[in-house]
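Each of the next two complexes has chain A plus one other chain: chain B in the first, chain C in the second.
Let's turn to the complex of A and B:
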């Protein structure tokens, strides 16, 4: 052990800011890569101070140990029958997770690398270098684990290929993550990726799902994602000092806008990913909390504290749109995803057996009258052998911001919205459809960032998808017939608690 | 229910029908940059937005391009796990080195003359090494394949390693000799103003704004870094040894293990590109015509500092080492 403590020499390794003189600041930190939002000269950024400190030697020593232990769990489990014995709904949750998260994590490394080059203080650039390495780890470890499961579950292929496809969920993930980090400047990335997304939403998916994984007995996934979260909570701390610099220089409004923009987007995608996994796919007996409870515990409380600590306000849509959506949005998405199940790479688990419905009613009072009624009809159709009635013949509208199908009619019928209509907006002669007021607001903040993008539905209507039929669209999305989602339990839920079993054939 | 099985999957479907099962390194590296040459634009936003234009211009639009980058392999075949395992071992070695020299109070044995050289030459090195770290990250984030990105990102981490070991020892020497050695100004003032440092700073600052992906790679890994590494890892090693600083000499030797890994992936990448398109030699050499002499001039300007040591290394000798560093890598890359 070297004699000096880290604190005795660490400043020498980060006090490395200097005044450029052979190139200009704008040349070395161009706005597209590093938006200073008017905070000049660059010296004003030099006070950037990371709350969590680590040296290179500590980093490699620690990470070596962490990787060794997670990979050894994996190799022990690979030789067991653990995966085969997992609940089918849970398998769907992890197949969905790997597809939506593994490669994007790797790409978060590009955002980190951008901060490592274009961050406006050396201390920040150093932290971002560790972030770059961390995300390389997360991308690799989360593709390696599903890779070892390929022979047991061919759908694990989506851990690697999802982002190469035009599957609608993959488009939504790309659109979100490109907006957040792969195509975002260093300053905005620090606030949107690290401050907004990683301090909040990754907790939800990584700690929340890790808790469920341990309950379910999926030690592999549990060890994996809880180890990842220890890295996230370290490199997430790049956000705080960046927000501080904005606020101290009188740009709290900029920080507020960046947070409000990305909080909403993250909420929508995680309602889709985590919401369905926690409230419908995780086996009932292993659910530690409902999704709403996790949201309240990990997100609502934490963000309110964060807003207060940094002199920011709860987002303008907090009371009016966000909190009300906690009661219905992911239930509506679940219904949609299950109905359009051939369009996803995992097997949606309906999760509405009598016992599960009781739980849903308890966690979301009124669920039976609002969402349960749809499932009554679906269950009737299944029991009557009319499966085709439970499958789609058309496509839903898709939001031009979050790229997620518009579920306002379900929200309206659940009594949560004043109108079933989507939000229409005309920009330079083109009509855009938004699922919600905040999605429209995000578009209007910065139209040139989004305007030329086309959603799945725009492409369908524009003739890009041929033939313009459901099978044509499924092929365009990269889903082979074997990969298209099916009900995870082969409709067992529709017969549970009933006298005549007849079901669950195959 | 589990998915029906078409065939026994040997690997990811995107890797095609492979004869040989890909290695773990390949399974967690191949085809991660789905956005490279993606239609209509790399990022799933307005195709005309600034970032799409940046990547289209500087990556897809770089003259240093081949039909397929996915076949390239870093000879060290490092995954993240391999990298931290390797560097964990190497850092244990350096920890031991530090222990050994701290136990004998090595820094206290520095002569006055060598302490002056340490202060003037070694202390400010943190700044240029930090620039090399920044530049490697740029190469990594712009590279068209993850096989390249990861190697460049690990290289950036190696630069941080080098920087922190110098920073640590600077504090040790400051404690033993003169607290001023550890002040920021002791490093920054020469970096910003001393004559000997200015050509190096000019080279590095201008290299930072070489945004074309290929040029950024060539300027850094074939032009500037080989010369700089020759100066620090070789010339400074010799200088330290001549002045009885065995610790610094061993540290510089250790740094060159990382540099050797950089040279290996760099030459492999250039060779890969030239095999696919021999005309790229002109592109690479064209950039080198700019960056190689700049880097040599930068190192040569540092000669006075090497010459002021009690037991000096001659300026000419230093320049020759830098040139040799560049020649060696150009030769190994098949450019000569």
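Let's turn to the complex of A and C:
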């Protein structure tokens, strides 16, 4: 029986802050590693606090229990035929998820460990140590689980491979995560990774996908991401106290800018990853909400509450750009990913059978007029046996910020943008192409941070991709013919509700 | 004659495309080259003559990108009328 209750010793043991005498603060906390944004002396950061107050002994005990539980589920399910019996669209969703998320979890461990060393309060460094261990666990578990499925789906090796290739989605993920945590200072990381990304968006990916996984019957994936989310909800708490210190010291504008920057970037990559999974890849009978409904419940409401609590404002683009994009952006990305399907490592599920189109029209009034018409033409080509017309002969332009194809014409067609044209910006003689006003704004906030990067299209035009053809680009992206995406249902959606070919003659 | 990249948008399509054209191509050919990637592929072929719009103005069908002062990766829309 402990002699002291935890509450009697925890804060004293945790808050081991002291004034430096052998080195200066700048030497111990260089700005590039820990930008204090002018809040000095360092004692002002020592008020940093978080609500979880877990001891190391408790942490290890809890994590051991979580791992024992979730690895047991995996061990049992690996001997079953559960994976083989999953819907092909759902399989695509998890193959995409593992490739986009597993290795970035390790990278997030770098960001956490930077906060573990350069966080400006001992309490923060303590929590970030747990965060480092969390992210290492998440990297391990999300490479191990797909590893156990390799004999059933060889492309599960993209869980490890994707981030080491030049596949365009992997470049988009690397660009985002480098900006957010791999190449970010500790203070900005706390606000951009934990406050903006984890508190909001990973809730959507992990809680939303966990709910869908259980509906679909994918107990393995459901158990995995539910387990991960319990860690996320703890270490995400590093954001709020950091924002609070900035606001209380008169730097609300800094916090606002950091949030606005990363919220937009997170939105675009989540529209690509989660938007497609929820509205097109998850079997219709198992969809509990649309992506837009999840966004409204988990993101819009939550962020508005947080903005109000901290005296921040909704981002300048909230009403003018973000909310309108909820109606069209991920639908355009889905169309693009499906059309350029050889360029991704999963099998995109068109998800546009008559019943699915009816659902999309109900959830997104006007979908048939705006997006259904493209699928009408594509479906006609499939039924005429002209598959080649449904495959790309050139590239889409790619945004120099989010690295995602520029789909402004879809926003224009949906009546949400005034022009179909991309946003052009010249910086030091180089032309940059952006998909949206906020992506351009993020670039202009800190051009030197982003100017040297080249998009897939820049690299193609610069001669890095040889031969300069679609096959040359696919090889450059690391995609062998066996790995390239194909329609997940072999075009069954194009024939649903129609008489089967040849049926009339029999 | 030289290969010349432009950003092409076909009327009613959903995406901005990288389209290779030739510096000698008149705008009628440029419009065909943009349309090749979208008309009958994702959208029905446009009814009527295709014209090229650049910076809000319809270009003369016979001019080239050099004549019109279009830079590499200039944004050209293929539209009817």
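FYI, the second predicted complex is superposed on the first by the 498 of 506 C-alpha atoms of A that agree within 3 Å, B and C clash if a C-alpha of one lies under 4 Å from a C-alpha of the other, contacts with A are read in each partner's own complex, and residues count from 1 in each chain.
Note that contacts are C-beta pairs under 8 Å (C-beta built on N, C-alpha and C of every residue); 3 or more make two chains touch, one makes a residue touch a chain.
Fair warning: this is a prediction, and the values are worked out from it, not measured in the lab.
Aligning the two structures on chain A places chain B and chain C next to each other without any clash. Once the two complexes are overlaid on the shared chain, A:152 sits against chain B while remaining clear of chain C. The superposition of the two structures on chain A yields an angle of 140 degrees at the Cα centre of chain A, opening toward chain B and chain C, reported in steps of 10. Of the two partner chains placed by superposition, only chain B is touched by A:103; chain C is not. Looking at the shared chain after the overlay, A:490 reaches chain B, while chain C stays out of its contact range.
Of the two partner chains placed by superposition, A:211 touches none, neither chain B nor chain C.
Shared-chain residue A:191: touches no atom of chain B or chain C.
By the touch criterion defined above, A:420 lies against chain C but remains apart from chain B after alignment on the C-alpha atoms of chain A. Legend: residue contacts after superposition of the two complexes on their common chain; A:299 is shown touching neither chain B nor chain C.
Comparing chain B with chain C, more residues of chain A are touched by B. Shortest separation of chain B and chain C in the overlay equals 22 Å (C-alpha atoms, whole Å).
Once both structures are placed on chain A, no chain A residue is touched by chain B and, in the other complex, by chain C.
Against chain C, in their complex, chain A makes its touches with residues 332, 335-336, 339, 371, 373-374, 377-378, 381, 389-390, 392-397, 405-410, 413, 420-422, 424, 431, 433, 457, 460-461. On the side of chain A, the complex with chain B involves touching residues 1-4, 8-13, 15-16, 18-23, 27-28, 32-33, 55-57, 59-61, 63-64, 67-68, 71, 88, 91, 103, 106-107, 109-110, 113-114, 116-117, 122, 125-126, 128-129, 132-133, 136-137, 139-141, 143-144, 147, 150-155, 157, 160-161, 163-164, 171, 174-175, 178-179, 182-184, 347, 448-453, 480, 482-483, 486, 488-490, 506. Those residues of chain B that touch chain A in the shared complex are 1-6, 8-9, 11-14, 24, 27-29, 31-32, 34-35, 42-52, 54, 79-81, 83-85, 87-88, 91-92, 94-95, 98-99, 102, 126-127, 130, 133-135, 137-138, 140-141, 146, 149-150, 153-154, 156-157, 160-161, 163-164, 167-168, 170-172, 175, 182, 184, 187-188, 191-192, 201-202, 205-206, 208-209. Interface residues of chain C facing chain A in the complex, by the touch rule stated above, are 5, 7, 9, 12-20, 36-37, 40-44, 71, 73, 75, 77.
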